[in-house]
Structure formats: C-alpha cells, structure tokens
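Two complexes come next, and they have one chain in common, chain A, joined by chain B in the first and chain C in the second.
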Partner chain A sequence: MSDFPLLGVRRLYKNFGGVQAIQDLNFELAEGELLGLIGPNGSGKTTAVNLITGFVKPAQGEILYRGRDITAWPPYKVVRLGIARTFQMVKPFYQLPAYKNMIIPLYSPRVKQMTGGKYGDRNAVALDLLEEVGFERDALVAYKAASALPQGYLKRLELAKAIALNPDLMILDELFSGLSLAEVASILPIIEKLRQQGKTIIMIEHRLKELFRIADRVIVLNFGQKIADGNVADVMESREVKNAYLGTE
Partner chain B sequence: MRRRKERIDRGIKVRSGDVFALCSWREMLYLAAPRMLPIVGLLVLSLALSVYWQRVLLSVSVFALLAISWDILAQSGMISLGQALFFGSGAYLAGIMNHYWGWPPAVTIPLATIFGGLLCTLLLTPVLRLRGIYFSMVTLVLPLMLVRIVEATRIFGGTEGLSGLASFPTRWVEIYLIIAALLAALFGFRRLMDSDFGLVLKGINDNDRSVMNAGINIYWFKIQALFIASSVGAFAGAFMTHVYLFVGMPVFALDYSILPIAAAVVGGIGTLAGSTLGAFILVPLSEILRGLGGLRIVFYGLFLVIFTVALPEGIFHYVQRKYHQFERWAEVER
Partner chain C sequence: MLANTFVYGFVNSIILVLVALGFNLTFGISGVANFAYGALYILGALLSWVFFNTIGLPYLLSVLCAVVLTAVAGELMYRFVLLRIRGMVLSEVIATFGIGLATLELFKYLGFIGFEYSLPVFVDTSIEIGQVVVDMQRVFIVIIGIAMAGFLWFFTHHTRTGLRFRGIAQEERTALSLGINSDRVAMLSVSFGAAYAAIAAIVILPLGTINVEQGYSVLIKALAVCIVGGLGSTGGLVLASFLIGYGQTITVTYLESHWVMLVPLIAILGILIFRPSGLFGEQKELEERI
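Let's turn to the complex of A and B:
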C-alpha cells in the first residue's frame, strides 16, 4: 500500500457568484475509514462531494486521490479511478425495470477493467447486485418498472448502481433521507458489509442518530467552512457545532 | 357456450418476463405479423405500383431513412434541425467522386456513406457539449452555411451543381437497394437501440449526470450515435444523387431537415418504426395533395396539426397500444 492517504483535500475553495460555497476545506481520509459529513442545509456538503467527483470545478485548491492530483478531472475519469457516488435526488429510468437500470454502470469501462475485460450476462449480474442490496431474488420487485417502486427501493437501487462500479471510495449523499426507520435499519447492514469489504465511505447525512452508529469520524461544515473534525463524541460536544445546529444561545 | 374476452398478449408475456415463450403458431404470428408487415408490404408495393408511384416510394424511403437518423439522435439526447447536413454531405461526396473521378455508384455510395458520416461527425463534435436548443441551432445553421460556401466559391459546379452523373443499371436496382437499406436500418437500429449500448444512449438523453457518474464518457457515446445517424443520412443523400443524376445546392434545402422531424413526430418518437410510418404517411399525402395547387401547403399543414393534436403520442404508439390490447373470444365452458 502507498504512503498516501486515500483522499486528500487541500485548501479547497468554491464560490457560486458571490456565495462562498466552500472555503478553505482541508481534510484527509485514510483507507477503510467511514466519514460522516454533516452540517445544516446549505452548508456546502453536496458541493464538497461535487468538487471531489468532478461535477463542479473548484476555484482554488487541490484534490488528491492516493497521492494523484485529480483536481477538475471530468466525472467519468474520477469514477474510473474508483470513486463512486450516489445522488441525493434519485433519478432512475422510471420506465425501465429496476434491473435494467443497473445496465449503465455495468457498461462502464471501470467494470470491464475490474473483471478482466468483460462481464458475462449483464442482466444476471444486475440481479445479483440488486439482491445484495435487498431486492428479494424470488420476488418480482427487481423486474418492476422503477416508477412503481417505493422510495426505499429506489435508494437501494441507487446504492446498487454505485456498488456495481466496485469502487474503493463510496460517497453516499443523503442515502437515508426520506426513508422510514425500518428502511434505514435494513440498509445499515449493507453499509456494514461494504466496510468489511474494506471500502472507504463518506456519508452525507441529516439522520445523525443512525450515522453516529456507524461513523468513525465526523466533519461538520457550516457556511462552507469546516468547524469540527474528529470522533463523534468530541465533535458533538463542540460549542461551535451546537451553535451551528441549534443557533447561538 | 359462455365466452369471455381475454387479451392475447397477456398469456405470452406472463410466462416469462423478458423473453417471450411462444406456445403456438398463432402466438408466433401475433409477434411476427407486425414485423413482417413492412417487409411484405414494401415488396408488394414495389411490384404493384406504377412507375410514377415507384418514384414516390423512393422518396418515401429516403425520408424514412432521414427520419430514422433524426430519431436515433433524438433518443440520444441530441435534437437536430439539420438532417440536410447529413443528406447534403452524402449527396455532394457521391457526386464529386462520380463527376471528377468517374467512380461508379457501387463505389461512391458506400464511400459517401462512411466519409459523409465522418465529415458530419467532425463538424458537430465541437458543439456536442451544447445541450438542447443550442445544439439544434448549430445543426440548423451548418447546412445553410455550406450552401453559401458552394455558391460563393463556385466549387463543385457552384449554383449549377454537377449534372450528368452515373445512374443505377435499372430502376429495379434503385428500388430494391433503397428498400433493403430502409429495412436494414429500421430493424438493425431498432435492435441496436434496444441493446445495452442503446440503453446507455437513452440514459444520456434521460439523465446525463447519472451516466457520467457510471464512469462513462458521454461525449464518446454521443459521437458514436452522431456517426451512425449521419451515415444513415449520408447514404440517403448519396443514393438520391444517383437517382437524380445531379447534385447541387438544393440538397441542403430545409425540406430535408424539417420533413423528417414532421415524420418522426406524426409517426411517434422513440421507436424508429414510428418515424418510418410517419414518412410513409406524409410523403404520399404531399403527392396526393399536388392536385390542389396553391392550397396544397394549407391542407398539408392542416393534416399535420390534426395528427399532432389528435394523437400527440404518434400514430405508431397508438396503433401499437391498440394491438397489445387486442382481445379475442375464449371459451369458458361449453
């Protein structure tokens, strides 16, 4: 293994017009870590993810992946290195069956590299992957049109699409939002399993209780700035975090 | 004897999700008939029509190819207003190869198809990043610019064009070549758009960020779709050059851009079969209305409006749905 951290973010800045979305963001992520990225609405969490994955270009700063500068790379190249993300707003192909939605990530050059050139039957692989995230094999749910699926399944589909790319770093953008407690409880073991496989994970979450059960470390953003970084207990004790979340006393 | 109505497709579809499990000749016919219809129909038409209407059939097939080309682009998220660019490039390339170098149609048509496709792809690749109407504007402008370039620089015969080009050996070669090309394009590209490759293209149309996020270079896929679509258009142009025995500025006319879109919209976008059906309705309609003289365009426009208002989904989608809902009487008890 290399001496470099898996991901390094250095002095990152991004503004949209006059709004400073990200200001001087610095952090490093070690292999196998599960990082929670939290903060109030509009604090720049999703922007940070967009910067890392290349959907948005930073104004300043650099992003290093295993020591390699990937700043402002186009998204498809970032993915090929092994960084996969999910979107907060899931937008599947509604008219297609769920398993057909898996075909596009399975068509990715990244997948071809990983399995030594080719995947056999993409449909079969798609069904296997969906089973991993809880689409019961014998039920018809994987064959149903995505438009007919409840939100919980759509989120699982989104997660399966990221898993299909066999990433080393997964960035999950509000995977739990809009889900019931039971649904979240059924997704948590999947994330635990991904961790056991050695995946590094960044989770953006508003569902702090669930997040804190699995996160090793938490970074708190507020107005685009990092206001806390550390293990869960220390961070939540911090005065600044309390102010950001609850308002100043 | 009591009877109830049942849908024919349900039994076929229920037995398996994706693959049809056919249990009888009747069921096989149910699936095969709509696919055989264009093949048999075109062969019968080619034999039954008078020489004049055979010429119309040529023109119908050419516009059907252009409409298919437009639909492939539309399904891949590129709305083109310039099929004339593809048509004209193919037409001029075939004309140039025949006029200056004396190559026969058997050589010029395949070469014009490939190089016409490459040329159009090269011209449009720089603007692939533009989306929606911005891309459309460029496709609209390019053929108009090429016309002016030919006019101003007087290259390739200038306003006169190149005439006296080689013809096909007989009109039967003409008609069966274009029919074969149309059927190959219709069935071949329908299959392609249903494959995983086609799924990626449709994904780009639907949600390009999600496709990028799968590690797929969407511009490379768009370039491939563009090459396929422009080759189809270039073939149509090269073919017509050897039918008219002439190539000139009219090949970049707006007709070749607009009529294919009208055909695709009337027939139904997204299936290629719809585009073909649209061309088979609109082009003969325009011929029939010829007798009306000046009012032709008025009636033609009126028909277009009626079609699009009454069947906004397109004729093909409507017919397809009705066919899937087709019912027969089945015995319940005697």
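Let's turn to the complex of A and C:
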C-alpha cells in the first residue's frame, strides 16, 4: 500500500473566458473509496473530471495520482496509469458492433501492461464483459451495431469499456441519467461488485437517492467551489448545500 | 469501340481509385484535407527517379526508398505543422495548400522539367483482352489498385492499428478515453496517405513523364472523387472513381480529348448542387442546408 492517497487534487483552478468553472478545488481520495461528486447544473462537476482525466488543462493547481504529478497529462497517458472514465453524453463507435467497441480498450496499452501482452481470445473477453454489465448473451444484442442500441444498453456499454481497461480509479459521469428506475436498480449491483474488487470510484450523479445508497463520501460543488465534503448525512444537513440545491436558508 | 471504352474506362477508373485512396484515408481518419497531396505524389515519383537514375540503386529498392521517404515527409508535415492546427479546418487547408504549392514550385525551380524525367514500365509488353490490346503497365495498375484498396480494407478491419484508425475516425473523444493517442494515429494516417500517393505515382507515371504540373491535376482528381463519393467513404470513392473514370473515357472516345478535365469538375459541381455530402457521405449538416 502506497503512503500517498490514490488521488490528490490541490488548489485547482479553471476558467473558460470570464467564467470561473473551478475555484480552489482541494480533495484527496483514498484507495477503495466511493466518492459522490454532486452539485447543481453548471457547478463544475464535469469540468473537475475533465481536469483529472486530462481532457481540459487547469489554469493552476496540481493533480497527483499515487503521489505522482499528472497535471495536464494528455487523456491517453492518464488512462495508461489506471484511471478510466465514462461520459455523460455517451458516444460509442457507432458503426461498430457492441462487442467490437470492447475490442479497442482490450487492445489498449493499459491492458497490455496488465496482461503482459497475453490477451487471450479478445472476442470471448469482450462478450464476457458485456454479459457482466447486462447484455443478454442469448439475445445477440452484443452483435448489433452500437447505433442500433437503446440508451440503456449504450450506458452499459460505456461502463463495460471502462471496466475493460482494468482501472484502479473509475470516474462515472452521470451513468444513471436517462435510465429507468429498473435499469438503475440493475446497474447498482455491478457498481457494488466493482467496489468489492477494490476499485476506487468517483460518481457524478443527479440521482441522489441511488448514489447515497452506495457512496462512502460526498463532495458538493457550487459555482466551481467545494461547499461540502463528508459523509452523506452530514453533507445533506449542511446549510450551504441546502441553499445550493433548494435556494433557501 | 465499345470493348475499348469498357476496358480503358475500367483502367481509368482504377487509376482514379489509386490516386484518391491516400487522400481519402488521411481525411477519413484525421479529418485533415491534405492539399499537399499532389506534391507528395510528385515527390514520390521524383525520389524514385533520383534513387534509380542519379544514385543508381536497383529499381525495386529505389521505389521502396521513395515510398518510405514520402511517408516520412508526410509524418514531418504533421509533426511540425498540422499538429498545431489540427481541427482548425481553414488553417489546415491554407497550410497544406501552401506546403504543396511551395514544394511543386521548388521542383520546377530545381529544374525537374523535361522528357528525361520518366519512370520505367514494370514489364514492356502488352496483352489482348477481348480483342482490345492493353499494355502490361495498365494491367499492373489494375492489379495494384485492387490490391491496395483490398489491403486498406484488411488493415482497417483486421489489425490493431487499423482498429485504432477507425476508433479515431468515428469518435476521437471516446478513443482518447480508451488510451489511444489520437495525434499519433492522425500522424500515421497522414504518413500512410503520403505513402499511398507515392505508390500511385510510381505505378501510374510510367504511362507518361513526371510532369510537376500533374501535382495540381492529381489533387483535383482526388478531390473530385472524394467529394463525389462522400469524404471519408471508401465505398463512395470506388463508385465515384468509376463514374468519373468512365465519364472521362466516354468523353475522350465520343467527344474531344480536351473536354476530359471538365468531367471531374462537372461532377463536383453537380454533386455540390444536388447532394453536397456526396453519394455515400455522412455529413448530414451539409444536406440540411439545401
């Protein structure tokens, strides 16, 4: 076990023109933790994730992964360290069948590093992973082009691609958005299983009821600033959080 | 005459496929419209000529060196110019067109003009196809053109790098999040496109001489085929090559040969008026504008 936290974010700032998207964001994440990152629309949650995963460069501040400075690293290098993410607006490789979408992460340098170059039968691994996230093997849905899949399957595919990278830290950006209650209920056990496997997870969510069932800790952002950080009960009792969400004292 | 039109139309169409494959590959993967493509085509031919005639290497080795060096030229162009402006479409066009123009004019300045600048045919003989006499170089053009299109299909569908190419082409953001270095893949696509341009030149130019001005007409032909077929679509490229190729052959046979260059230009004009995204194009926003 390393002496450093898995992830450290220090004095992080990001502005888009005159808009301060992230202001002085600081937090640490221990290995195995499930952190909920919440806040009203436009509070900077996705920007924070984009900064951590290299899709956006910070104006100031540091991002440390296992004590190593990864600030402004390009996304493909961040992935190789073991940080995988999903996107709120999923964009799979639409012209490829679902299982072929899985082959690209299975060919990635990260997986090569983890398997020592011994990939095995990638098609079989891809189908197993898809089954794990709820693609019924008998229904042949894994062989359909991604463009023909409904939103529920696209979200599952997005999760499966992240799992395929065998990451230590998974960042799930609004995985539940656009899903029915039943679909969310079927995905929750998958996340629980990932936790049992020792994965560290950051979840950005608006579906707070479901998030609070599984989160160890919650950080609340508002106008790019952290306004609360702690366990679910304490955070939701915070006056500032109630103000941010409900607009009342 | 009909058999003649059929056979030479077919050869002409494959020539267009060969000419456009590299341009289409680069655009389809990286989104870069490489307007220096014609210059890379001539560079490949001239390098091959220099290695063979000036340095005295065996022809096969000369061809190999020329293709590799043209690919390196494409890589350098990406690394030192396109990397900084990729995604800024107007800047890409201005930069690549400028590089192409400067390169072609430099060749003229260096004196690469004249009948002595010609590449040897692979085999100096001819065969008869249905009472039509065809020289072996044109047969090689057909064989190599089909082989190169087939290789490209195999490469993009059945190799790891090819799968990365398709990933970047379809969703760059998603590919990045899965650990693919999109700039490296884009650089490879420009480099591969340049190599394809060199191979096309080495196969096609033995039919005549290496004329620097052909750099411009090759660019127009590649653009015409890709615009008519739909930028980035390989199926569209092949169909457009046959439409324009047979159009040119019929024009030469039944009209006058000086009308031939009008065929691709009319094809571009027609497609831009009636279906601006091309026959198999997927740029729906262009369709919505008409």
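One rule holds for everything that comes next: the second predicted complex is superposed on the first by the 247 of 249 C-alpha atoms of A that agree within 3 Å, B and C clash if a C-alpha of one lies under 4 Å from a C-alpha of the other, contacts with A are read in each partner's own complex, and residues count from 1 in each chain.
Everything below uses one rule, namely that a contact is a pair of C-beta atoms (placed from the backbone, for glycine too) under 8 Å apart; a residue touches a chain by one contact, two chains touch by 3 or more.
Model, not experiment: these values are computed from the prediction.
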Do chain B and chain C fit side by side on chain A in the superposed arrangement, or is it a clash?
clash
When the two structures are overlaid on chain A, which partner does A:R217 contact: first (chain B), second (chain C), both, or neither?
neither
Does the superposition put A:P75 against chain B (first), chain C (second), both, or neither?
both
Of the two partner chains, chain B (first) and chain C (second), which one does A:K45 touch, if any: first, second, both, or neither?
neither
Mind working out whether A:Y143 is in touch with chain B, chain C, both or neither, as first, second, both or neither?
first
Let me test your reading of the model: by the given contact rule, A:T53 touches which partner, first (chain B), second (chain C), both or neither?
both
Interface residues of chain A shared between complexes with chain B and chain C
53, 55, 74-76, 79-80, 84-85, 87, 91, 93, 96, 100, 103-105, 107-110, 161, 165
Complex contacts: residues of chain C adjacent to chain A:
160, 163-164, 166-167, 170-171, 173-182
What part of chain A is in contact with chain C in the complex they form?
53, 55, 74-76, 79-80, 84-85, 87, 91-96, 100, 103-105, 107-110, 161, 165
What part of chain A is in contact with chain B in the complex they form?
53, 55, 74-76, 79-80, 84-85, 87, 91, 93, 96-97, 100, 103-111, 122-123, 143, 161, 164-165
Residue ranges of chain B touching chain A (in the complex, touch as defined)
17-18, 196-197, 199-200, 202-203, 206-207, 209-218
